[in-house]
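Read through the structures below before going on.
In the two complexes that follow, chain A is the common piece, with chain B as its partner first and chain C second.
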Partner chain A sequence: MKVSMLKRPVIMLVLVNVLAFVLLYSYRMPPSANTLLIGASILTLSAATYLMISRNHLGDEYLFLIVSMLVTIGVAMLCRIKYALGIAQVGWYLIGICVFYAAYAAMRYVGLWRRLKWAYAGMSALLFAATLAFGVTINGSRNWIILGGHSFQPSEVIKILFVFFIACCYGQPKTERRGKISVKYIVTGVTYVFMLFLIMQREWGMTLLFFATYLVLTYIYENDKLLLLGNVLLTSVVGLVGYHALWHIRIRIASWINPWADISNTGYQITQSLFAIASGGFFGKGIGLGNPEFIPEVHSDFIFSAICEEMGILGGVAVILLYFIFVYRGVKIALMLPEGFEKCVAVGLTVLFGIQTFMILGGVVKLIPLTGITLPFVSYGGSSLVTSFVSLGILQAISAKRRLAGD
Partner chain B sequence: MFSIYSLLATVLKYVFITIIYLFIFGIIRMITLDIRKMNAPRPKGIAKGTPYLQLLTDRKSLYFDVKQGYPLDREVIVIGRGSGCDITIDDLYMSTKHLQLWYEEGEWYIADLGSSNGTFINGKRMSDEPLILDAGDKIKIGQLEFLVVV
Partner chain C sequence: MINKRIIRVLTLISFLFVSLIGYLTYFQLTRGEDILQSPYNKRQWEYDDTVKRGSFLDRNGKVLAYSQDGKRFYSFGALYSHVIGYNSNIYGRTMLEARFNKLLLGRRELTEVFNLNIDSKTGYDLTLTVDHALQSYAANRLGGKNGSVVAINPKTGEVLALVSKPDFDPNEDALIKNWNDLTEDEQSPLLARATSGLYPPGSTFKIITTTAALENGLAAETFDDIGSVTIGGAVFENFGKKANGVIDLKKAFALSSNFAYCTLGAKLGSGRMGSAAERFGFNKSFDFDIDMNQSKFPMNDTDEAGSAALAIGQGKLLATPVHMALAACAVANDGVIMKPYLVAYATNASGGRVYEVRQQQLYRAMSAENAAKIKDMMVETVKSGTATASVIRGVTVAGKTGTSENELLNQMKDKEHAWYVCFAPAEDPQIAVAVMLEYSGGSGGGLCAPIARDILRQYFKK
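Then we have the complex of A and B:
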């Protein structure tokens, strides 16, 4: 049973890319050859990396294919919304592919990652401290560091360090664990310290993301219902106190329950997003024929609404399905591995992607309160795209891992 | 000019949706084909609990005799074209003694016995170093591909 050449998904990827960028070429007046150049460079990068992976058997073939489709949709949408951002995103994609290979090689051929438990925690603490000391406030969150003219978000890097730290703890065989304090309490303690830092930076989305990842991994690895229950109770109490004490959170919740009450101010973003999704209908208005520019932050957090407006709810569901298959492959990779550090890293990174996607998609369709995090691989943003590719490279390396008989 | 563009964009929006869904179905199809291969029924004559090699290559396309499955029921198993091997397969692309599998401390190991056409594990030619076999690994020798079922 061979899949015929024409039906292969990579051909579909090429078709989408060519059609989208030819369409965008005729959309922009005056037509600029740059548009075609953007399409061609994305296509070359994606196809070359895909062939590299499938020819040389560098592990799972589907992960990168799914991601390159997401990136293609994202860049096409960005070129349509804000042309300059589309061009910048191609640059980030190029850097992303480079770090993808670097992360792949580092994870595949360097064996000491499982032994750096406290280095991960220390690095994270250092980055947090640096953010608090030199951080710049953008959109109400003090979570950016400006380095040599480029701003980057340290919490994106800490996300990966956090997963590695947990994997060092939970991935260690129970027989090899030493020390008086059980690892689950160490992990719990470190998670709460991280969350405290994130709250100090007013990064509510990241706080929730870290906590949810911790909760899922603890549920998987530790059979301790009391700990989970205690966590949920404690955070509920803290959440309630936070709701009453901090106006930031009160506004978020209020604009989630009823954004129409204050439509011109706090509810503006979410209502514009809902208008955009609704006006798209099933098949959308067509690229370039909608008005996604009415939504604030449409290039980063709200890009999904723009996709729904111009490609329809069917296009939106397709994007969700892509993430769904991605998470499925991640879980599958983790399940096929022997117990240990790599398995925990694989499941941790997959959970991170899954929860982040759910949080931002749920936010823009008013399913859950809105938290300002990016849609992985689609939203504009250097830190987000590059660190997503680091995670992807790590997952890719883990999926290709073979044990040598000497180990 | 603008109306031509809106016509184009309107037509293409249907095309986009179709292609993206074809892409998704293509991936799901490839994944299910993979799973179906992995979950083929246990060949006859192999006792439950015994690890075995499952043939993935279609037998109809072969000119020589080969079984659908080979049990790994001894400590050391040599596979090759020669009649002295534990598993003899008359594939011209195989060496007289092609590879050896053995069981040691709870793991199955594989080593190539200096074959001329090589042994491929999950698509990668193995070196002289022995490897540990995991369930679901694919071994390609000559024209045949086997799946390790434990």
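Then we have the complex of A and C:
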């Protein structure tokens, strides 16, 4: 009995949680009981939801476990960087879990999602328009709307709508397709409109993310190599023109190739990130013992560098592997499903998640140019965390349906 | 079909994630240390401020550099600027200050992994092999001349003195005041001549040519030296075109006959000389406590005239003063070059040694028999040859002079580099010295040998 308990992955979650928060408790001077309280509340939330899922057979058990491990690491890191952010993130986690159940129920018990193709596109367009009209600029991107004292990022919501829209198109059986224009051109057109909006908001990361997701899904569902090639060619040309015309992009590329050339200005962020990663070594400095606060934006885009500094490259690799297992579970769920809307949603959300993770991680370690997007489930931020939980709820529901069909 | 493509996409994403892991590992292994040491890394200075940086001491415990109230002080101003370097919040760190930064801050690999020394607020003190009395004597003896003095114990590799001139004051206030002048000065005072300066070694290289000759059965050669010789269309002259008559190899070495050595060089060819030179460490780099420039022997100069020029240390041959001191060490130490080092050990606040160098062989340059033969020739050089200016009563000195042509000689006269390498006592060598004066316009025997003699005297006086 004991051995089998230890073998269960949920024990790992408990261990990481207890270790992280006890360490935080002992290194943060003066010690505050709040630290332990934060750890306990996250653990309670995670464990309760996990038990809920596994007891009631609500689909895949591992997706949520992986996510709660990521959230635990994220909150621990945030508490260490800035206490108030850690506390706020616990609140967002609570909201995220509520949203998770809501999304789960909606996806599981409501059947009309596959028929709302133009509603998704319309909603997205509306959100884009609202951002352009009322948006405020934070960190160089005009992509935030302030709503009742909280800032929120509409493009995070549009990500999900975008996947649903594509799923409506590609997930529809070929025999049922009607209309004069082939769906692949409709999808292409809508994607380009979305990308145009994103470019107008200076959201380079999101633009790339949408485009990559579109490319991957089109590759999977359409037998049209010419279309893919044309797309890649067109965007390369646009990219080249953009590179020459827009100093935003030029600077990103330049500070990727050689951030040391302009270290005090454009290369500052990325070099601070590299210093953090290098100073962590393989084993890390230990929670509370590094200086991640030197990195600008460390609580959102650059949280991975802080993880590497204090938990070491090995800690960083563990986080990467968590994302990897998540993607693997997502793909596995999709593979088990019969062709259709839900399969496409599962693939779409998983791919989106995987590419976003790679883009931001690759950016902060200087493997690829830096694009400002958040690290799902770990970075601080309400809209990012909550919408990630919406995606998770949807995947969870799809996996439950599969199990029902399979049994 | 769709499932197959989904699996392909999964493979692609897996590849991306694995490349992330691979890159992180690669980054940490290859770039990590360099990036950490970057002067722009605030962490270092942050850590510095909480730790009292360790001091530098000479071999007898004299304090050469120390920290007080977060500031770095160099007790002897410019004297160790090309050995210890500087540690500055503005200009970064150089030389030993950079290389041994971790120890100076009290960090070691193991303690760092396990965060064992969180509370220790003092760094480790580093004791050098340098003898402060000899170092300051050598620097004074060079005076205002540009050049270098290197003194090494050939049996152990301990560097006893390492002087490069011109030098500069490494104290931070002085750096701030003089930085522009230092970087723009045509004399390049920031260049460490002894370790980074590359010069044609001239006739001091005949030590290595002789090694190649002995190894290739040319020990019994005799020469009818008429003062100049034409090889492959190029004319080579003795110093002052002096004709030496019929001489053997030993005499040719002692008199530094270019006639004899150019003839030998043409016979040997650059390949054989090059293989001897590489055993002395040419075209190789080794891990010295200060970054060294690599001495160069051009392996592709294969024609007769080229080989003849290489045999007398000219052509595209380049060597650092430290390297030529090592060549003398090879002769002194039965053909073995011990790995030179500057930092002997590090001690913590309670005097315990936390780091200690292990003396080790760097290269076997030649056999012990050949080393004995060349030692004989070097003794003869001091007794009756070109280096009589370095005779010391009661001590047998072995030496080799050199006067090398360089790029400036094409434009003006009297710009030769003067060289002298030597060791003493010949029966039981304790110290090897190399003296180099750049663009001095004099001969090695005339300018450098007396300086070396005085340094040896100073050393044996104690």
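One rule holds for everything that comes next: the second predicted complex is superposed on the first by the 398 of 407 C-alpha atoms of A that agree within 3 Å, B and C clash if a C-alpha of one lies under 4 Å from a C-alpha of the other, contacts with A are read in each partner's own complex, and residues count from 1 in each chain.
Keep in mind that, in the parts below, a residue touches a chain if its C-beta (ideal position, glycine included) is under 8 Å from a C-beta of that chain, and two chains touch if they have at least 3 such contacts.
Please read these numbers as outputs of a predicted model, since none were measured by experiment.
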Put the two structures on top of each other at chain A: do chain B and chain C fit, or clash? fit
Applying the document's definition of touch, where does A:Met311 land relative to chain B and chain C: first, second, both, or neither? first
Scan A:Leu23 for contacts with chain B and chain C and give back first, second, both or neither. first
Tell me the contact category for A:His244 with respect to chain B and chain C: first, second, both or neither. neither
Does the superposition put A:Leu322 against chain B (first), chain C (second), both, or neither? first
Looking at A:Phe275 after the superposition, I want to know if it touches chain B, chain C, both of them or none. Which is it: first, second, both, neither? second
Where does A:Phe283 make contact in the superposed view: on chain B (first), on chain C (second), on both, or on neither? both
Geometry of the superposed three-chain model: angle at chain A (Cα centres of chain B and chain C, steps of 10 degrees): 110
After superposing the two complexes, the shortest C-alpha distance between chain B and chain C, in Å, is 5
What is the shared patch of chain A, the residues that chain B and chain C both contact? 283, 285-286, 289, 321, 328
Chain A-facing residues of chain B, complex: 1, 5-6, 8-10, 12-17, 19-24, 26-31, 33, 109, 121-124, 129-132, 134, 136
Across the complex, what residues on chain A touch chain B? 1, 3, 7-9, 12-13, 15-16, 19-20, 23, 26-27, 29, 57, 61-62, 65-66, 69, 73, 283-289, 310-312, 314-315, 318, 321-322, 325, 328-329, 336, 338, 402-406
For the complex, give me every residue of chain A touching chain C. 216, 219-221, 263-264, 271, 274-275, 277-279, 281-283, 285-286, 289-291, 294, 308, 313, 316-317, 320-321, 323-324, 327-328, 331, 334-335, 339, 343, 347, 351, 354-355, 358, 361-362, 365-367
Applying the document's contact rule, which stretches of chain C touch chain A when the two form their complex? 2-3, 5-7, 9-10, 13-14, 16-17, 19-21, 23-25, 27-28, 31-33, 35-36, 38, 40-43, 46, 112-115, 118
